[in-house]
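Take this structure, written in structure tokens, and hold onto it; I'll ask about it next.
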Amino acid sequence: MTTIAVIGASGYAGATLAKLIASSPALTLGGLYVSENSLDAGKPLSQLYPGMLGVVDLPLQGLSAQALAGLCAQCDGVALATEHLVSASLVPQLLQAGLSVFDLSGGHRFKDAAIYPTYYGFEHPHPALLLEAEYGLVDWYAHTLKGCKLIAVPGCYPTASLLALKPLKQAGIFQESTMPVINAVSGVSGAGRKAQLNTHLCEVSLTPYGVLGHRHQPEIETYLGQPVVFTPHLGNFKRGILATITCQVKPGTTEAEIAEAFEIYQGSDKVKLLPAGSWPKVDDVAGSDLCLLAWKLDSQRNVLVVASAIDNLMKGAASQALECINIHFGHEVYS
Amino acid sequence: MTTIAVIGASGYAGATLAKLIASSPALTLGGLYVSENSLDAGKPLSQLYPGMLGVVDLPLQGLSAQALAGLCAQCDGVALATEHLVSASLVPQLLQAGLSVFDLSGGHRFKDAAIYPTYYGFEHPHPALLLEAEYGLVDWYAHTLKGCKLIAVPGCYPTASLLALKPLKQAGIFQESTMPVINAVSGVSGAGRKAQLNTHLCEVSLTPYGVLGHRHQPEIETYLGQPVVFTPHLGNFKRGILATITCQVKPGTTEAEIAEAFEIYQGSDKVKLLPAGSWPKVDDVAGSDLCLLAWKLDSQRNVLVVASAIDNLMKGAASQALECINIHFGHEVYS
Amino acid sequence: MTTIAVIGASGYAGATLAKLIASSPALTLGGLYVSENSLDAGKPLSQLYPGMLGVVDLPLQGLSAQALAGLCAQCDGVALATEHLVSASLVPQLLQAGLSVFDLSGGHRFKDAAIYPTYYGFEHPHPALLLEAEYGLVDWYAHTLKGCKLIAVPGCYPTASLLALKPLKQAGIFQESTMPVINAVSGVSGAGRKAQLNTHLCEVSLTPYGVLGHRHQPEIETYLGQPVVFTPHLGNFKRGILATITCQVKPGTTEAEIAEAFEIYQGSDKVKLLPAGSWPKVDDVAGSDLCLLAWKLDSQRNVLVVASAIDNLMKGAASQALECINIHFGHEVYS
Amino acid sequence: MTTIAVIGASGYAGATLAKLIASSPALTLGGLYVSENSLDAGKPLSQLYPGMLGVVDLPLQGLSAQALAGLCAQCDGVALATEHLVSASLVPQLLQAGLSVFDLSGGHRFKDAAIYPTYYGFEHPHPALLLEAEYGLVDWYAHTLKGCKLIAVPGCYPTASLLALKPLKQAGIFQESTMPVINAVSGVSGAGRKAQLNTHLCEVSLTPYGVLGHRHQPEIETYLGQPVVFTPHLGNFKRGILATITCQVKPGTTEAEIAEAFEIYQGSDKVKLLPAGSWPKVDDVAGSDLCLLAWKLDSQRNVLVVASAIDNLMKGAASQALECINIHFGHEVYS
């Protein structure tokens, strides 16, 4: 049995991961932590999420220095569902204690430390560690995750976008010097569990945000290997992401070529192509660890539209983290 | 033209009333006010509510002593969409300046000052004024509103409940020593426009709250003249209230007697009885100033179920306030 | 391994049960059936529910006479997620073939055949079989389910209501000759998966229906052993039921007595009491097999309010059916 | 007073227009019509829409030959909120009777009759009339509407898209041989008021549809004067459209140039530019006759994102039809 603690377990992604670990045959939940001065410290997780009653009955512990030392002594790995800078600050001590670290924040997704001040608002405190991290987009980089102690679990929008775009990029299908246009809509859980006016039910209604400047744009570009235009939106639902992507493809590109590009997912139990004519709905994947893909080509205009749907808290965070954990520790992947 | 200012205009009820006043032929909007240290002071209302662009373009002003004096000099009346205690504190100065006051808060709905510490958490600062206020349930008390300078606009749940129950009470239909059971569900706008975890879209889902202790229970009992059991719920929608009320009626009560009791609303343009077999939906009244009623009798068990639907921000707040204003100043009621 | 077929697998409850069976270690899914002339016959279930891709990949088969014979030869049990009358008509042949039958419809929930014409609109075709059926409210009647070949899986509203009320009834807490008032709100999935105007997203908004005449009222009364007033509502959400129940209790009833009555669920992994002051939300149980309960007593007025939340498709249908199957066949209950 | 009848008044757009006409000072509602064999014939409109009680109390009449003759005799104009082919078939008789026709369907939006078989599935029965129709995008073509007896009220997506794109096109800002990418999400009311599985609340969840082949694509291209990629989506809400549009602009294009292009709407009371940094939400415009626009330029990549929000039933149908009616008959526009 592998023992994994979750730091930042009061949030939506952290709590979801705690539940997945608790239900996972090869894993033991090694503790749930929140920041030392959190008002949730001391509460059972099921007080925040009553649906966890009988599923995860552990308390949330404040992450004091002593608690951190205890965690390091007892666990094989730790998942960080914390703010970006908190993750970046915690990692050195965790690695030094020999733990494997699965960082769900954006704290270790870039080799290039210069991205942090521009897109995250802080200088990265340990830029050397960025070079040691691997990007846990498991459907593409599983082979890198076994030997690496610091795994950056991908962002939600990048997961949805990259799973759709990487096969096309690899197949050389994009028309040169064009930028795929990614329009994506996320459920409100993506904004985190905190009191804010903009997540008030009465204030939420479909709208763009972070236009031409969202931090997931460089993440997508880094792992796709080319520029994109990424426009995120907030939708009036709790969970899930739909990314609709419009690409200019090389003149003469055929449906067969596109189908062949996506054959890379044949046999995958997490990424599924829908039959032609079907398009994914957000609720098809809410609560599941799947990514559903569909596409259509206008071969006269050389325009390709691809749609990709995931649950932002699952394939976009917790279930992908679980895949990373299981791959890293050599367990059968099941979530 | 009658000039009316709105204090507390940044909230959902205040902003809705501002829009109604601005669109009302006999009224002029005399200014929009928020508390002096509000972060919204100085912003145009349409910055908070872009749908107001071109409809209400006035700015929100901080309510300094000077602003208050100016307001008193320029307006005929003022609507208070403020916290209960703020209303209670502001009223003396407003009355002294000769203004008519329409208080949308619960600050003046009771003659009995003892209710305030129990249900509102404060000692009423001006209990003598409670005796001067009239209760603005316009469909029942319109005749009292002309001569009165302080009108307590009813609460949302009490409006829905009392419009359903008062005709039955007046007709003597309730079985003695039984309590009507009121189950009501309100949209989230009833919780106000502020950053709170419990109104986060991801946290909202149908649930009871304030069970056996909500402050609208004594309000309903006061104006109905008998005890009730009132259980409010928060629903996953923005606007509207549905109250479903179960009553024990006197043995032998007939459908004709109940129909006759509700004939009091014949000719009303705000309170409408649905045809038998139809039941109101919350969205039938969202955005409207109507109250829709329906009922069914089980004459074997002497059980009567009545349903009542209003928009909590309209008939439950702003449009009823507008009716109060128009009646008080002798204008034709139109909202 | 026990092999179970699902008839009526294209509907929400049937498809949910198919997924639970497919994921259950002790069970094998023995086939998915729809009516012979259904347009869905021949389609994979995942065409209707893309989230089932890779989870349940079986096709929906038309239930011809031949298919029925094949099913009877290969399966140990069959779950009926069919219309009431279809269930009632299919059961004799299934029992004769030696199968255990788990009927999710209302076709076998009453010993008294007279209820069918009044509440279900048909004469029961096999009233003698009604006497052989057991009511699968597992938290109360598990002991009857092992030796019985025909199990009537309870309705959704009755499950939510009875789990709340039976402990109180058993403890003798209700005031005599009073009727508990049950107000319940169900998600739209309770209305089934078919083209209807009243489930159109634009037509759905919180509203009562079936007032003083819903077929779940006699079901609740039968298994509670006393009359109730039951008012169902349609809510603007997909899954889940919240029942809010108001009872007159015997004068002098204490909180300790009520707590003691609910101790019957101590140790249950499906029925959970929330800590005092917490109330269940529908989304706390959406997708889960739990029932969450909470209560509050007004000991001055002898009024008790109990709230009960379940997922109508899970504890109110599929997961309770799975519990019935596992208990009946002697498997460990896990869903 | 101008008298206007509504044919197709039971649908969402027709009923909304009926309410606007009834509330409009210069207009009289000349009758509400549905197809002769509609089950709604004979019902008051308020039976379908209880919120219309006291607002529109007219009955829906079956459109028999006699009823049509009566309508022609009594009305000045008629609004068609009917299926495309029904509109196309009705228009000749209405024009012959001297009525002004406001067609909310797509039956007269193209000069080129060849579009009908490809995008609408029928040969246009009266192609000569297509040449007589004017396109009622009032903010651009108001001057053509006075002298024309057949006005094609624009589609919902084209209204949202064209109001955003035409100022840019007119200013020559698009990079040559690029196609603006329009991603738009519509509320479910856009799918009409009929029993269908795909509008069942449980089946609705954000998803693309009509990809690379929706009939609004040629409509946008016709009135924009250049090709676009248009991808519509169904959203989980009742009313409103958000269109997010991504354009390649000519290298060197400045924010000032874009601001200048949009100055065309200065003074408009229907089309409003939001302050920089604000983005429209669907619910900002739900129930209103506004179009809200916002934009942002990435001047390094020469990418412009524009967002446009309207209520699909108002500015995208009924309130724009009302504007057409008022302009045509010379009344002050007010809706």
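As written, the chains take the letters A, B, C and D, and residue 1 is the first residue of each chain.
Please note the rule applied: a contact is a pair of C-beta atoms (placed from the backbone, for glycine too) under 8 Å apart; a residue touches a chain by one contact, two chains touch by 3 or more.
Chain by chain, the UniProt names read as follows: A, B, C, D = N-acetyl-gamma-glutamyl-phosphate reductase.
Because the structure is a prediction, the values reported are computed rather than measured.
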item: Chain whose mean Cα position lies farthest from chain D; value: C
item: Contact-richer chain pair [C-D vs B-C]; value: B-C
item: Chain centre separation in whole Å, for chain C relative to chain A (CA means); value: 36
item: Intercentroid distance (Cα basis), chain D paired with chain C, Å; value: 45
item: Centre distance in Å when chain B and chain C are each reduced to the mean of their C-alpha atoms; value: 39
item: For chain C, residues contacting two or more additional chains; value: 204, 236, 238, 280-281, 283-284, 286
item: Residue ranges of chain B in contact with chain A within the complex; value: 12, 187-189, 193-197, 199-204, 236, 238
item: Of all residues in chain A, those that touch chain C in their complex; value: 47, 49-51, 53-54, 238, 269, 272, 274-275, 278, 280-281, 283-288, 290, 292
item: Chain B residues within the chain C interface of the complex; value: 179, 181, 183, 185, 204-209, 211-212, 227, 229, 231, 233, 235-237, 240, 242, 244, 246, 279-284, 286, 296-298, 301, 303, 305, 307
